[in-house]
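Take a look at this one; I'll ask things after.
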Amino acid sequence: MIFVSRKEHFNAAHKLYNPKWSEEKNREVFGPCANHNWHGHNFELIVTVKGNPDPDTGFVVDLKKLSLLIKSEIIDKVDHRNLNMDVDFMEGKMASCENLVMEFWKILEPRVKKLGSLCELHSLKLYETPRNYVEYFG
Amino acid sequence: MIFVSRKEHFNAAHKLYNPKWSEEKNREVFGPCANHNWHGHNFELIVTVKGNPDPDTGFVVDLKKLSLLIKSEIIDKVDHRNLNMDVDFMEGKMASCENLVMEFWKILEPRVKKLGSLCELHSLKLYETPRNYVEYFG
Amino acid sequence: MIFVSRKEHFNAAHKLYNPKWSEEKNREVFGPCANHNWHGHNFELIVTVKGNPDPDTGFVVDLKKLSLLIKSEIIDKVDHRNLNMDVDFMEGKMASCENLVMEFWKILEPRVKKLGSLCELHSLKLYETPRNYVEYFG
Amino acid sequence: MIFVSRKEHFNAAHKLYNPKWSEEKNREVFGPCANHNWHGHNFELIVTVKGNPDPDTGFVVDLKKLSLLIKSEIIDKVDHRNLNMDVDFMEGKMASCENLVMEFWKILEPRVKKLGSLCELHSLKLYETPRNYVEYFG
Amino acid sequence: MIFVSRKEHFNAAHKLYNPKWSEEKNREVFGPCANHNWHGHNFELIVTVKGNPDPDTGFVVDLKKLSLLIKSEIIDKVDHRNLNMDVDFMEGKMASCENLVMEFWKILEPRVKKLGSLCELHSLKLYETPRNYVEYFG
Amino acid sequence: MIFVSRKEHFNAAHKLYNPKWSEEKNREVFGPCANHNWHGHNFELIVTVKGNPDPDTGFVVDLKKLSLLIKSEIIDKVDHRNLNMDVDFMEGKMASCENLVMEFWKILEPRVKKLGSLCELHSLKLYETPRNYVEYFG
């Protein structure tokens, strides 16, 4: 079994703000991330699939097809958007990296399976900054 | 003469939208950067000063002091903010990297001079993404 | 379960020198790393914790708190220091990355648990150079 | 148990082309990677070994020896070469990253064991570009 | 005047081989870069234009248009190609980075001027590896 | 004229400490950089030469020869060393990046000229950390 990864990126605005809490509590818990008028990031998303290489191609997965899948299903919905306001699958959820990768997983996991009988989704890694990132294995 | 550089970063939301133009013209010129609800970036700012080293310290400038100056005068005003709505010196201006570095210059140039008689501001370089950046020499 | 990582850095001097061995044997085993007068590195430390996100915050762990913990418990004790001479928990041990991460683990593991009932320390990754690094899972 | 990694690099030409298929099918499956006259990459190879540190050295493995082993057994055979034409262990195989790491494993796994009784090969990670990479655990 | 830069990349094969010289002399001068069957790189190209920002857009140049220009005029002609065999403007020339940027300049300089009355080409920087690069100012 | 650059690295210990001053004044001016027992860095040195390409090679300078020159004249003298104690050309000088590049220039400038009649030294850039660096043009 081999693990194959593809990195894509998107630029988005968000804020961390729990509407059930007061302004003060939000500021206390989230600090500047609760800024009313948003802030933003260059996010990097690494999608890893696993499987056995096809002897005819040498590929676990065609990375061009995987890249197009990530772009059409994820990047097109979050790039140059507001993660709190413009993204249907984040509605009613805190716009944290943890919640983002769990939603990305629900979207990508069944679609990666259809890319080929040989591969399945293994992990999603999401960088919010070069110093802060999360990883999820489903 | 030696050129000494310090890199700092900030995370901010912005949009590129000219209020004198129609929604259509904004979309045509700025594409997804005109998204009504903003998007954002991890910006990297490189401040370069030039001068002759002080023989007692070996320094053109104390980089700790330069870093504190950039933080108090620039980063504290733009980090985790909306560049169109929250930053007084950007009011009425397009929130492009070009306009940002020109405003940063006006703020930093006189203050760098006061850091020491030996140095002056040489350039500002601002990365919006690892692939897009601007540089300004005053 | 989600894995959340924070990267911090420190600059330190060290040497690899076993006092039980002759100068010749140290030079033979450790090469230039045994230089009597030390050498040094920009170390990068990645701390990964795991847990389930809190629905109220969307966080496995507050990365600001994790960053402050790493700084007060590790970085403040090793940054701009000599790892052989200035760091109490390295006394009597070879100042290798392997030994460093094992000592860092002993310090961080109980303290990460107290950051929240939802998370625990998963791994420590320590870069000595961009080409040489170690990882430890406890 | 500690995991120790060393990164090396090589520059090579290759193409993805299945001689059992027509030119059209190759173009359809591999796109520009099937270019008749080759293309190339700066590959990065990360070799990870695992084991317990030797108390006398603080090392799981002497990274200088590991680096020399990777250079003599892998890099010298693939650097500034054509992966389809110049590399004996790739003969008759598609020159994909998946096939490369499986062949590298066969070469390195027994030789890493001989570096010391304390360590064994854990994984190979191969970057074809900063956005595309594979990982293999044997 | 502000300097605006855009980074693009391409993957190509090449060799350094002077057909006027013997095999021995080529090996002596170019070392492994003269390998008969080619080798290759992930090249990074940074295009810098200079000018005054348009007050209506805040832009010296629309980076989306500059990116499309670089892609159609340069990247499409060199990406996944053999620089010695597949690129008409390199015919009869040594496939060195120095010669590449001089040819890229001839192509881009007049076309950048047409992107807007406000900007002109300032420099081209070409990375062959992260450690080797050239820069050209026309 | 084309500018050609080569990046090399070295790992060294140093401290910033002026023996003419009291311990208190050193701590006040240099902060943790004055730590008695040293600290250290992974330094990156970028050497840029300029000239016209030789039509027979396509090269301004043979980067292999430039790399060997930097290694024999600079890296071998500073790598895995203490910049205050082990480096003859830094004797009696503050071990700042500013002083380092000025000394490196004196060593490299005449030797680069001898690499070929076509090239001369243009600049030296020295990174102490990814956020702090100096540049010198002679």
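Labels for the chains are A, B, C, D, E and F, by order of writing; each one numbers its residues from 1.
The rule is short, and it goes like this: a contact is a pair of C-beta atoms (placed from the backbone, for glycine too) under 8 Å apart; a residue touches a chain by one contact, two chains touch by 3 or more.
Model, not experiment: these values are computed from the prediction.
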For chain B and chain D, chains touching each: A, E
Most remote chain, CA-based centroid, reference being chain E: C
Chain located farthest away, centre of chain B as origin (C-alpha): D
Contact-richer chain pair (by C-beta pairs counted) among A-B and B-E: A-B
Interchain centroid distance [CA atoms averaged], chain C/chain F, Å: 29
Cα-centroid distance, chain B relative to chain C, in whole angstrom: 33
Of all residues in chain E, the ones touching two or more other chains: 31, 130
Chain pairs in mutual contact under the definition given at the outset: A-B, A-C, A-D, B-E, B-F, C-D, C-F, D-E, E-F
Chain F partner contacts - residues on chain B that touch it in the complex: 1-8, 48, 53, 55-60, 62-64
In the complex, chain D residues that touch chain A: 16, 18, 20-21, 29-31, 93-99, 101-102, 130-137
Chain F to chain C touching residues, read off their complex: 9, 11-14, 31-33, 35, 37-42, 79-82, 85-86, 129-130
